[in-house]
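In what follows, a single structure is set out as structure tokens and then discussed.
Chain nomenclature is as follows: A, B, C and D, assigned in order of appearance, with residue numbering initiated at 1 for each chain independently.
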């Protein structure tokens, strides 16, 4: 039954969306929830069917598209992509289910379903061309969501978002074409399959050039400092659902691509660029945390906090050992859950008051106690409280990177301080004190529809914080295979040394109990 | 035994979660009773474990489940009940049960009654995790958990700006220290390959000295935050914004002593690095003196007790730093009892004086609050270290340790501090309970607390009296199974008696002086004009310094980073590129003047250019290749 | 002297250049069409020559299709020209500036 | 020898004819010269053994296309002098010259230096028309049909655009005009 599950997973929402054009407006919400629920159930089936003990890709499907150039429709997943896919379907479901009253709700739901296709597509693609197509396609629904349902500056924000990320991906495309060309040079065969590219050992100078080309595409998507300025605009103008999906899934494409492309394909270049990237990450962490602290709009606080956390993810990725990379992949999930929830929470207030300014809030804890509680949990998760989902990821990422550099990790570790500062400051401004604004006095607490979205997120936050094993184990196994591949491929002695061989570690770790 | 372990650990959690369900609802007495009785269960289980350990049973070690496992890393939820942790468990459960019961009365009128109990029990759970964990990661969970609960409880009255500010200050300062702790953990992992205590302690002897020093320093930085050691001490006094039972439980008896616990727990490590130990001891002595001096002139009842706590923590660190781990732990225990008692007594006073904190506005309360007076006096006597109360056995022992280890400077500092301690403790007692009834001017109507609150406090009073001479022997026998069993005896009996009696006399003098000076509570205007008074009154201007030179620059820098850097430079660069392209279009659109002929010429020109490029590249390529 | 492919290509290019001159120089639309015809035919010669010298019919096929396209272009182009003439009364290029950017 | 002479002769003639087309001021001359040039080009096709193509060239260009142009010219009344004030003719010549040079370089160098293998080789013992037919109706059947459809479409388009009812074409009218014509029709009814 798992033969074509990935293709079903990718194309089912899109087909359902096409069909959705004929669905009546009154029942479109139910239709959207049903489709998203089926899709989510399918992704759970996928998780159920996933065999954590197998190394390598699973549920592979291959269909030649342009055989002359070795372009195949090649999909498959491993532990790294599996959970991001589950997260994507999950967020689409709760996003549609918790959708408030919006104009043109039909367009919104269908757009979200198309977006779901592109998101899942990116994470299952194992062919660079297919990957690129989904990667670019994902911009279109997002552009539409920001541009059509956004705030007053929506046109500026959406065009900035589109052009900025698009520029990056074009540079990435050049990198991909060169990679295919080098592959052709080396083997005489054309191939765009990532798995084939893994096998190619490139000289270091070529690796560096290609790494840089890919880096632009990924870094803008992440977004890494100093390419991050599109994000606050996009978040600031996007409707709640847009911000949620953007923060939870779309940003993860960049970091996921680092793990999927940059590390295994260019291990030496990864080592070469490790320190500069770590420095950029640290700037991201501290600088954007400070910027977040200065914000006057709570949504911008969350937006900048996203950038700050993405810094930790990138840092963990470039730890180049199993602990760090597993941690960063786990943190992708964690950050998706937590920042998605935070954006939803901001949306709850926005729906009631149509403002996001901190100065308009104040003393909300006494008016909306449940809201304050859930917000508090998410703030604490975001600040990296142990036994919440974020901590596991941050701990492992920083732990992994500590192996590479002491000083840089100490600097990066300030994430837990500065993160607490801006989060608590914003939380205090919004929720503590007395109610100063009369308009806030009669606000309703979270309603059932919002709870439907928020409670599962809270549960996941705590569950994976206490018992991360079901997610961490498959991730760890897949990361182990990537790291050992990198170790084998590494040419320079420095890279050999920087990237430990996890297989050898496993042998010694047998006696750990 | 495992069952008792789990009962002791998880019944506070269960209480907390159930109370949390009613968190947003108006007061239900049920939550208070439930959490208190569940804590009682936890206390009983801890006692069973204590009896088990005391009767020579082996340490209980369970591994509940895996927490994190990736690569080489393997962190379980493992719990260890040995002699050290069972002592801590007893301290935590006893004090917290008392505080819970007491709070039912104290929080009686509060809107957030249920929320309070939920957080209080959650705190106890975190504290239990902290002390029972068998690895550093589990310790860190508890470490952060108590920080979180402390944040929530300090800021419990969130409508008060000062309370939520103090909560955030406490949390963030602890976070700074936690970073050090985290780095310590990373160091341990990458050098040992495990975060389990036993694996680490085995490996300690094999590791490089410099690495051990680094680990020791970073772990101690973590301890400094939780135990509010200089320079991370300012949060503790501000934390007094929380309800008084919270101050008793968290900021006197348990959480702040976590740092001491960490050093005691990591004793094999600190054994190996006596230099770091000496640094810890020196810092402890400094903080003891420093905090006591601030307590001398303060006019806020709770802050005085908070500084006293800080001072006593300094004592504990002196003992721990000098390698007398069992002494540190012993003082921790004794201190927990009498300090919690003192705080609860202060809570009674506050209750009856409608939350008045200035002792100069009280006076003569012993008539209306007899039992509170008795208990607070007992606690103060114990704190001052008068024989035969608990403080004598634990605190004077620390003085002896310093003496025996030939650290005479530390000894002198500690002795002076002991006098100061006695002075400010009895200054407080004298101001509150003796002399004229000044409160009448302010229209208060003092009344004794509920009887059940007094009864709840009585075990602490009892323990403050007896825990010294009753428990010392059995305690020593028990903990020295895992801690270094160094006995500290002054060899010459004459010196010993001079020391003991001398100390007692000095302390007695200090008490008498305090009574004399503050019986009538005359505010000495001349004295208040003096520089030294101002310095002490303003806590050496350290909070102002932090505000002026750390918080404010950070705020301003943040603002600059956003407005100037992010918007003006980073974003403007991007927009600049975009507008450059746009301008180019504006400039060159004259090319598209609509004249087909012109456009055709441009087209041909473009074609020529492309062809030329093609030729150039082909030629270039063939030259390079050929 | 043997006539080689190069001769034909040079001729083709020469004719193409003449066509280009026409395209750029003419401002009368009809004459512009003439010039495009020259361009197309110049290319056709090249196709036919290559086809001949490599013994491959593909070149001729292409020339064939080019002719078909040229024919359609003339039909549609002249139709448009007539429309334009009816609307504006002239077919001078310099009057057609509605595409001004 | 004959081929050489024929090539140079026809080359000269074509260049001259096309030059006249491009440079003359008389539209009629231009048309006539173009038609002549087309016929001379067909001569090259015959020289190259592409008989069928040559025949098509004569029929399509000198027949159909030229006739169309002739009709067009009558319509526009271009017998008068075409006044063209050429601007900066140097650029025109420079650009076309360079383009020609570059094209020669590009096409000649690789073709002379490399061997190209025929994918659809000319069949031995079969006439050109037959060979063309065989390729055209097998490999290029679909493009051929598409071309046929395209021609049909072009024809229809030509008729529609140039047709009598053109002044009523809705696509080319302004909004107000359409409204006006609608109203006038309604009045008539």
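In this text, a contact is a pair of C-beta atoms (placed from the backbone, for glycine too) under 8 Å apart; a residue touches a chain by one contact, two chains touch by 3 or more.
Just so it is clear, the structure is predicted and the values come from calculations on it, not from any experiment.
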Next on the checklist: Using the contact definition given at the top, which chains are in touch with both chain C and chain D?
Outcome noted: B
Next on the checklist: Relative to chain C, which chain's C-alpha centre is the most remote?
Outcome noted: B
Next on the checklist: Count the C-beta contact pairs for B-D and for A-B, then tell me which is higher.
Outcome noted: A-B
Item to check | Chain centre separation in whole Å, for chain D relative to chain A (CA means) | outcome: 57
Next on the checklist: Rounded to a whole Å, what is the gap between the Cα centroids of chain B and chain D?
Outcome noted: 91
Item to check | Rounded Å distance, chain A centre to chain B centre (Cα mean) | outcome: 36
Checklist entry - Of all residues in chain C, which are in touch with two or more distinct other chains? => result 20, 24, 26-27
Checklist outcome for this item: Touching two or more other chains in chain A are residues none
Checklist entry - So which bits of chain D are touching at least two other chains? => result 91-92, 95-96, 99, 103
Checklist outcome for this item: Chains touch in the following pairs A-B, B-C, B-D, C-D
Checklist outcome for this item: In the complex, the residues of chain C that touch chain B are 20, 23-24, 26-27, 32, 93-94, 96-101
Next on the checklist: So in the complex, the part of chain D that touches chain C is made up of which residues?
Outcome noted: 3-4, 7, 11, 14-15, 18-19, 21-22, 27, 30-31, 34, 37-38, 41, 44-45, 48-50, 52-53, 56-57, 60-61, 64-65, 68-69, 72-73, 75-76, 78, 82, 84-86, 89, 91-93, 95-97, 99-100, 103-104, 107-108, 111-112, 116, 118-122, 131-132, 135-136, 140, 143, 147, 150-151, 153-155, 157-162, 166-167, 172
Item to check | chain A contact footprint on chain B (complex, rising order) | outcome: 23-24, 65-74, 137, 140-141, 144-145, 148, 151, 155, 158-159, 161, 164-165, 168, 171-172, 175-176, 178-179, 182-183, 185-187, 189-190, 193-194, 554-555, 557-559, 561-563, 565-566, 570-571, 573-574, 578
Item to check | Interface residues, chain C side, partner chain D - complex | outcome: 1-3, 5-11, 13-22, 24-28, 30-31, 33-35, 37-38, 41, 44-46, 48-52, 54-58, 60-61, 63-65, 67-76, 78-83, 85-87, 91
Checklist entry - Which bits of chain B are touching chain D when the two form their complex? => result 601, 604-605, 607-608, 611-612, 614-615, 618
